[in-house]
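One chain, chain A, appears in both complexes that follow, with chain B as partner in the first and chain C in the second.
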Partner chain A sequence: MGKQSEILQNLIDSFAKLPGIGKKSARRISYYLINSEMKVSEKLADAVIEAKKKLGLCMECHNLTEHKICDICGDDKRDGSSILVVENFSDLYMFEKLNIHKGLYHVIGGLISPLDGIVPSSLNLASLFLRVREKKVRELIIGLNHSVEGDTTALYISEKLKDSGINITRLATGIPIGGEIEFTDEVTLKQAFMERRIF
Partner chain B sequence: MGKQSEILQNLIDSFAKLPGIGKKSARRISYYLINSEMKVSEKLADAVIEAKKKLGLCMECHNLTEHKICDICGDDKRDGSSILVVENFSDLYMFEKLNIHKGLYHVIGGLISPLDGIVPSSLNLASLFLRVREKKVRELIIGLNHSVEGDTTALYISEKLKDSGINITRLATGIPIGGEIEFTDEVTLKQAFMERRIF
Partner chain C sequence: MKLKKIGLTNFRNYGDLELEFDKNIICFTGLNGQGKTNIAEAVSVLGLLTSFRTGSYSEMIRFGEEGFFIKGEFFNSSGRDIEVVISYDGNIKKIMYQNKRITRFSEMWGKIPVVYLIPDESIITTGPPAARRDFCDRLISLTDSEYLQILNEYNSVIKQKNKVLSEMKAGISQSSELIAIYNSKIASAGSGIYIKRTEFIKNFLPYFVEIFDFISDGLYAGNIIYETIMDEKDYEKSLSVTLREQKIQEIKRGISVIGPHKDDLDFMINGRSLRKFGSKGQHKLFLVALKLAGTEYIKSVTDEYPIFVLDDLYSEIDEHKSLKVAKILDKDIQTFITTSNSRIIDQLDQNVSQLFRVDNGNCTAVF
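Up next is the complex of A and B:
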């Protein structure tokens, strides 16, 4: 076939490296940008650079922020005695949208997974333990995925804090609301049965 | 919830405007970039601007090119007497990957759709008709989608060229290879039946 422009290939490759974008989508996006006005490309390029330059991590909870302390940690109407531990910004955002957690967060930045080289020291855990010890933390809610890695990380955190005297809780597992028993996986169903509650 | 950074929101919005990227993917991509090294963002921003600056359309066939004439039109080993009409770069790329068309292309840039304001003069059709008249074109293969808009455009082209004496062909319709009759839509099945071939 006609040799493809290296500039085009470079653009496609740059998009294909982003999470959730395959080669075909990357090509479609590239064509879209080339066909659009220059200002569309400029706006995108500027947004990327500006975000990378101006956004950093909150010194307290490792949430994204333009300042040293994020808006959540800096909000004195929030309950500093309750910390919700999340894996990443996306999960924090999910909880914030629900508007149910009135406390603070701690973004640990991943889950323990030795096979992938992610050990406890790779995560924001030391700062979590320090926060729990130094601030008046009453409850630590572990809002991590219910996967092998999530379970390992939750166990590690609870072991480390078992003498601290704070309440450590974890999100409930079970059949999703609206979910059908017939289509629920066996592990979830078994767990839901064993943890059945008084009606 | 904690007020979201405008810089972050701007980045998410910029990605969400691209084709095939929803709000959730845009957020995921934004977090990925902010979490990656600066050079990842720089590379992406540079690729976007460079492509927009340096890529243009081939004067002959409207394919993407860094030059005045694209590599396909400039390749004298290709058969200039056969032109495959395609809607856009993506379709051209699909055909080129198959390596079955030895002739040239003509990218018309859309399909006639009066309700969307796309009339024949919105497309690269005048240049197509000029090419057919001025060059020794023997066959025009219409490689447009088999949709209402594709059919309208194909009909328009063939009407305009009916006195030119060239062969005008169109891609075959029918049941996809591996497709099951049970799951084929009625229009396709009816068409496949009427255009049945000797076995």
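Up next is the complex of A and C:
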């Protein structure tokens, strides 16, 4: 057997670095692209570059946006006194789809996990605390996973805001323990949102 | 729980093997190194999803092959058929329970209870506290999935906290706030663990005492005492206070040293510590009684006897004791026995047992 092309290996390795994609899938995707028409690869490459160029993070809530401020933060019909704290964009998107939260969001970008090198300062927490202090925030809803890391982050936030006098709630455990918001069915997620309680 | 059919493909030294069981005692004999333990291993993997010999599925793939496939057809005491299929392609584990894909071990944990007694488990009575905690944690979680959850959560908290402590020790970070948060979790989950463990001992002990008395011909009185430095009147409060008091110490050592992951079970024989004063024979007998009592405990909680796997019979139990053990197991407990000692053949009652001869990856029925 001959040596595998370095170019191919490079492609596979690049895919394998992406979250949720293992060596096997990376190989499959690479073969697929190589075997399909040029158009497919061009479209993919363009989409990635365009997203990278045009999408940025909202200055207020760290949501994805093409502008300085995202559509949600820029919508003055939304209730600025209520902030739903989420881990990432996909969780935000899940809640938005439910059309259940009339306030704003704050995307913290991960959960505290020293084992993975994620400490409080790695997350968008300072900006959250600033927002709470400077804007008229009345309610903070913590929409983080019910895992050790999610619990730790939730506790950390509530400790920091202990004296702020705002109302902090957390999603009830309708979400299965150890479960992730992204993979929760809508009914359960809705239930969890409705039953959020003082934390 | 009974296993009525097992199929192995490219598992250990078996290319393709299918066996059917319709008796309670299933015995495998043959010379050493022929594949007896491999079958016992497959039985316990089907029930527990983990091997008693290795933590890696890869090791169980037949040399030179890409993956293995094992299948078990069980039926429980209420007559329900249960099928478990495990396949591993060297990369992805696929576990099917009743034709449904299982993605977390905990989803199936305890559904097919298996208790095994294998050589070199002597660490349970002779080794460090971790071995005894592990013994009791396994038995509890087999019948209580919530316990498994608390335990996993607790262990992840300890790991996270250890990371912070080691960084604080090295002066890399200052995360006192995180330590306080982890400590509050450790206190609540930790006391949950304490409560379930002590409750387990209370329920398990009577079975153990009776069985130990029986197999020791009335010579030994056994006892198990939960050992902790916490005040047992209010474990949670005591734990939370101690965690606070020892915070500086823990940072200095760079590791978490307070909590139920440091507790122990004190095994006692005739009022004395087995670990300190027990003879080799007493240790062995104690272990056998622990395992047998485990079957009774599981039955008492789930109303279902586990499958019992006895690997290398005479290495743990001498012939006289083995008759006593057989008496205890003679309650409709399906038992898989492996031994290289062919004397067992004369002791087996053909009405209730099956005998297989194992020879270099071939397994043939004798009766």
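By our rule, the second predicted complex is superposed on the first by the 173 of 199 C-alpha atoms of A that agree within 3 Å, B and C clash if a C-alpha of one lies under 4 Å from a C-alpha of the other, contacts with A are read in each partner's own complex, and residues count from 1 in each chain.
Keep this in mind: a contact is a pair of C-beta atoms (placed from the backbone, for glycine too) under 8 Å apart; a residue touches a chain by one contact, two chains touch by 3 or more.
Since the structure is predicted, the reported quantities are computational estimates derived from the model, not experimental observations.
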First, second, both or neither for A:Phe89, with chain B first and chain C second: first
Contacts of A:Ser30 with chain B and chain C, given as first, second, both or neither: first
Which of chain B and chain C A:Asp79 touches, first, second, both or neither: neither
Comparison of chain B and chain C by chain A residues contacted: B
Touched partner set for A:Pro114, first chain B, second chain C, both or neither: second
Parts of chain B lying in touch with chain A, wherever the complex brings them together: 1-3, 5, 7-8, 10-11, 13-15, 17-21, 25, 27-34, 38, 40-55, 63-66, 70-72, 75, 88-90, 93, 96-97, 99
In the complex, chain C residues that touch chain A: 91-92, 104, 149, 152-153, 156-157, 159-160, 163-164, 167, 173, 175, 177-178, 180-182, 184-185
Chain C-facing residues of chain A, complex: 22-24, 112-115, 119-120, 148-149, 151-152, 155-156, 159, 177-178
